[in-house]
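Shared chain: chain A. Partners: chain B in the first complex, chain C in the second.
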Partner chain A sequence: MNKEGRGVMIQGPVQERLQISPFMAAYVIISMQIGIGVLGFQRIIAKDAGTDAWISVIGAGLTIHIIVWIMYKICETVNGDVLDANVYLFGKIIGNSINTLFIFYYTVTCAAVLGGLFEIIRTWMFQSLSSFWFAAVYLLLGIYIVYGGFRTVAGISFFGLVIPFYLLFSFGFALQYGDFTNLLPLFDHSFIQLVKSGYHMSLSYLGYGILLFFYPFIKKPEQSKKFVHIGLLATTFIYAALAVITFAYFPLGLLEKSIWATLEMWKIVRLPILERFEYLGIANWALILLPNIALSLWVASRVTKRIFHISQKKSVIFIALACLIIVVLISTRERLNVLFDYTALVGFALAYVYTPLLYFSLLIKKKVKAK
Partner chain B sequence: MANLFKSIKHIINKKNIPTNQKDHQSSLVKREYSKDQTEDWEKELTKSKDYQKSYYFNQKSGKKFTLTYFSTLVEEKVMDNNAVPPLLEGEFYTIADVKKLLPIADVELSNSSNDIPEMLMKGFVMLTLEGEKEFAFISSPKQVVRSVSAPEIEFSVVGPKEAFVEAIDQNINMIRKRLPIKELIAEQFIVGKLSLTKVCVLYIKGITNKEIINTVKQRISDLEKDEIADSSYFTQIISDNGNSPFPQLLDTERPDRVTSSLAEGKVIILVDGSPHALIGPTSLTEFFNSFEDYFLNWILATFIRLIRLFSVIFSIMVTPLYVAVVTYHYQMIPKDLLITLVTSRRVVPFPPILEVLFLEVTIELLREAGARLPTKVGQTIGIVGGIVLGTASVEAGLTSNVLLILIALAALASFTTPVYQMSNTIRILRFPFLIMAEIWGLVGITIAFCFLLTHLLRLTSLGFPFMEPVFPLRVKDFKDALFRLPFKSQAKRPQFLRTKDSTRFSKEKANKKKDIDE
Partner chain C sequence: MKKSHFIVAVLFCMTILSGCVDRKVIDDVNIATGIGIDKSGNQFLGSIMIPVFKPDKSFGNFTFVSKGNVIRDLVSEMQKKASQPIVSGSLDIALFGEDVAREGLIKTLDVFLRDPSVGARVQLAVVDGKAVDIFKGRYGDRGNSQYLTQLLEHNMNQQNLPITNLHRFLANFYKRGQDPYLPMLKKSNHNLVTITGLALFKDEKVVDILHENKMFYFKLLVDNHILGVVKVKEAHGESTVKSIGLKKKMRLIRRDPYTFSIKIKLKGDLTEHQERMLKEGEIRKVEKQLAKQIARECKMLIEDFQRKGIDPVGFGHFAKSRTRSFDFKKWNTEYKNAKFKVSADVHLIGHGVVE
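Showing the complex of A and B:
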């Protein structure tokens, strides 16, 4: 694939000074994958597969590699992003109609992430936190990042992973009190149960679909593949390790009642100058979730720009306003859960149904055209 | 002979020359030289006290000639000793003869009257000869230069003890002495309608990236300002984001630092009248490097750099954390420590934020008062403020002594930043953090931090990312950023500068390893 001719269909190629280095692509993808899910995925996956769920965590993690491989193929075929692919396949009108759906999907994702963060902070730290003001300030931050261009967004993704990295060590405290016999007996669950658990896990993994949108911003996409796959493995490893530690730490009966298992594990951390470690963790989560917000805003505003030819500076403000309205409306835990379930479902469908279908259609269309 | 010159000068002085209005429009060609004629430019100049015009006769040829100059801009000793005697005693008939006659190298001939005021302002002496259209400019500028002294802002215990002065020629001299190569280019620009400030852009040809040089040159020639007082004007005007509290060009008073930056492939901007050179492009980490780091062993230097990094974070974060924890998250403090804290805060009638703001503002007041007052008085202010005010406010029950310790430590930590401009920035950074900590506690601090991070990510210095080498991540450039690795590992120039020649010296030769007993 020639590098210069990328994204030719709707607009010119991305300038080199705006692009990110290949290995930074991995950070963008991991930062989008790690979100609210990390704080409470253990209970959900344990519902079906019990303490064997860590197998599902690894299994679901491995399926992502196939999806990401397909995503790379799609982008390579059209020399651009998924918007190009849709327009190439379905023509301008239908293609762009499909692309419009992405705006909604990422706007709602952004709102869901923000709603989730707000919910955690309100439950654990500030009962009186105003959802409007918090979301407004946070979205303002998101707009400020998006205004800096994709490089700034990628920078936030990088720091959003590197700075809170120390939190991983805190799980060592839980490890001290863990009882690994909890995990026994191994392989006690049927394949169907594991698959069900894997399905739930795959929802926590979502976010790698962002690759379809920022592919033209990678300097040498060919080289980025290995970094992205290593990154995906790292995410899988973190989730799996966290699952194992959680299963060792919590008896299964207690885990069923722990909505935020990860946060509860932090309660055991005790340092000479610091107690209630989860406060620090939650404050850090405001940084870890920032890439999710910034990337969602960036994708939604970029798609708007590409389809409707509005400047991204304006469109990102509209999208942030839409997010703000959604966040204020979903003030209860029940509504938030509904939103979570739907965005996860759509995300799952996009990754596991839409992406392969798109790729096969592209292959067929290419062959037909060649003839 | 000097006496003779002086006496003649006194006899025929210029100011009582009647002006002839008619001649103002007369062109240069038509005009026959006469002492009764004055031109437009001269009319204005004669109002100045230091404008001198003297008339002489050449003793051999009998030719009449005049010398016009500004006495404040011309070295009169040179004139008296070297220029006037040959002009009076030597033989000359035309203006061209003057050039041969004078022992001064820089003599320019001209016949355009437009140049006259400008040349006089540069410290030239104008010589006109009776019956000649041409005139000569004799260079004899007066140099009022402060002698080179030790660096005061970037003081170092070991290493060179010279700092830049206000004269640009002297500064370039100091740099050239350290880099005696022909590749060192110093391009000059004149900036400012009124001040006509000389600005020099220095770089090493064949090392520095052309893009940087062009960016700097472009920005200097686009600059619109009538008067330039100091190089810090430049930092503000030509930097990438003028609305950022962060300086985006590094200023230094050390010629050695400038030299090493040139060798790395950076561009230097020197401004006449300013004892500070500007270095660009730069990155955030460089503002926390002192040049003394290179004079110490790399282990010590790295340790000191890490201490500085810690102290910057501490200085910004400690009081916001105090506000956040004491206001919202007192559960985070272990029981034993909580007792100490509560005891010290028991009598304080204010909420933590007011208590902190009260002390922070006091510290800012002390600093500002200390900076504005003469040195000796300033020291007294420091003692009065630091000891008396601090102790008194604790005894009066206005603040807790735990906070007093924290504030004092934070102030101390903020002084470790080696670059003055950056330490000013750090001073103000904690206030937004304090406000956010008061509103949303730890979450507020995180959000303020995210804003700061985004701002830093968006900043560029001459088009190069400011957060380098952390983002974009360039692991190789860490060798001289947060750490300072030994010189033998510094064989390559920093990657981010994209230099034409990336190798500083041969790594193989420097790293030659010997076996035991060889």
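Showing the complex of A and C:
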């Protein structure tokens, strides 16, 4: 079943009944991009560029379009995913060693997301919640989704975005107390400061790299391009709008103290039937993060399957176990921050360094082979 | 088969894990609705007001009082006296004795900011006297905290009190180039609390009290909407005007010395006139008189703030938003020399149902 003699491919193409519609690709990517970072990116980007940071948000958002364009090119060149590309470029042994790193990366990403969610629930809702039981149940749900195959994972991405969409309206309450003169004067920071803040912003945007792995699962990938780019624009818009509202709502001095600025904006919400809106919002955030967990588990187990030929149903259990261990080990905020910093750094390197390099090497190799 | 096993496992987890975290049943907790901080010697005197729901659907109030050096300490002292845990998720109002407010509020408010269960809409007020005395009264029939918050909120929305709450206060405090302000309350008897004015802060300390009859002009300067009432006196006697719309334009005309111009455009209704009949053209006179009055009073207020070195209107913030790489250190001296031009334009669009 493995080799079909197409040279590049490790395995045969994905059957059509397992593939997703082109427009669903956008949901998969947006839901992976919106995760833990949304809750607290404002403070970090404001460190360098102050209230001008919303410009960096838009700028960083636009650079993603280039990276995603390159990702499509890579996948088109080898007519497969990034694993094929690595094997094609470096041969089986080195290529697969690089591919193994993806397993680690996505396992740790999964653990970081889960750790972040746990941290928020512990701080805002239940001080004595046990990280082990919480993570175990949540991962169980993740495994269950992965068992359904990629179409189920994509479906969860869809619902993980559409159902909690109403949360965006809740930020209207903060608008009422916003002072938009906080944002003036515009462009009061140097270009370097804007770039620095754009770098920090690009870390919150991470997640679109998943395209490199699920490309073979898109029916008519050519058609999915426009949806994916519209999706990226939507993410950029959400982040930029949130940044602007936050800067209007919090003066900089107060923003510096707010670890989860997005969550803190819910403190101003008061509904007749609900005294504390955060409880509803955080409970919903668990749903927003579900696609993050499911997709990370899916990618990690898929890569394992492709390299070691272990069935995905078995490998996903081991990966979830590894996640569980990491989550239990990172019990303090300092360790969690270290984990966030490293995964973000690796993610940034993968997106902005590794991806373009891979594409150029592929181009060269193709030219050499053609001769 | 396998799937059903899985579902059974999940259901099992759901049943046994749902009781794993701490629960707070609403009938079994003391819901703190008001907190008061006073000074007692070198220590803080804290009081927490709790509504008591009686079987006949009426309300009572209970106040826990304790002394301590830090705010959290006060609360844990009170927990020792309470038969059910005191929770802060529904805090409505926080009162500060004037002596505490004169020494600074930020350390106290840090507790509120840090506690995720406290909302940002908590009403803050400074008390002329002791906060604990206010809690000990008995006001209205909906409980003390409802009375106090509604007293403040309706005055903010429909009268002359400028809008404040925990978030506004903190935002004004942390915003560079602006000082916060809070309403000032006084207990007038066992059943009534009155708003006596505004406590004006320099950084975190109260330095001045604005009398209640200047609040209309103050609200004109700091808020964007106003439904206040103001008295006008002219040759034909006194009249009152209820404002229904406000347009304000602040401009920075010059930078050396800083010169600001404020144009206030007010729309209002004439609600009372001492003379029986409103003669032809008289309404114009009232308009003119009120415009003059607003311009004069606002200018006096601003110059008074300038003399005292406080900036509740936020001229520093405004200048910063109009100037690139603004220097706040210089601003402190520049503010003293700043000039202000206030002009007002009043348009009375109605005068009730009589001629």
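To be clear about the criterion, the second predicted complex is superposed on the first by the 363 of 371 C-alpha atoms of A that agree within 3 Å, B and C clash if a C-alpha of one lies under 4 Å from a C-alpha of the other, contacts with A are read in each partner's own complex, and residues count from 1 in each chain.
As a working rule, contacts are C-beta pairs under 8 Å (C-beta built on N, C-alpha and C of every residue); 3 or more make two chains touch, one makes a residue touch a chain.
All values reported here derive from a predicted model rather than from experimental measurement.
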Partner chain in contact with A:Thr123 - chain B first, chain C second, else both or neither: second
Which of chain B and chain C A:Thr63 touches, first, second, both or neither: neither
Which superposed partner A:Val137 touches (first chain B, second chain C, both, neither): both
Partner chain in contact with A:Thr100 - chain B first, chain C second, else both or neither: neither
A:Ser331 touches, of chain B and chain C: first, second, both or neither? neither
Which of chain B and chain C A:Gln193 touches, first, second, both or neither: neither
First, second, both or neither for A:Phe158, with chain B first and chain C second: first
Partner chain in contact with A:Ser170 - chain B first, chain C second, else both or neither: neither
Which superposed partner A:Leu290 touches (first chain B, second chain C, both, neither): first
Residues on chain A lying within both footprints (that of chain B and that of chain C): 126, 129, 137, 141, 144, 147, 270, 275-276
For the chain A and chain C complex, residues of the former touching the latter: 123-124, 126-130, 133, 137, 140-141, 144, 147, 177, 179, 181-182, 184-185, 187-188, 249-254, 257, 264, 267-268, 270, 275-276, 278
Residue ranges of chain B touching chain A (in the complex, touch as defined): 328-329, 331-334, 337, 440-443, 445-447, 449-451, 453-455, 457-458, 465, 467, 471-473
Residues of chain C that touch chain A when the two form their complex: 6, 9-10, 13, 17, 20-22, 89-90, 113, 116-121, 167-168, 170-171, 173-176, 317-318, 320-325
Partner chain B, residues of chain A touching it in the complex: 20-21, 23-24, 121, 125-126, 129, 134, 137-138, 141, 144-145, 147-148, 151-152, 155-156, 158-159, 270-276, 279-280, 282-284, 286-287, 290
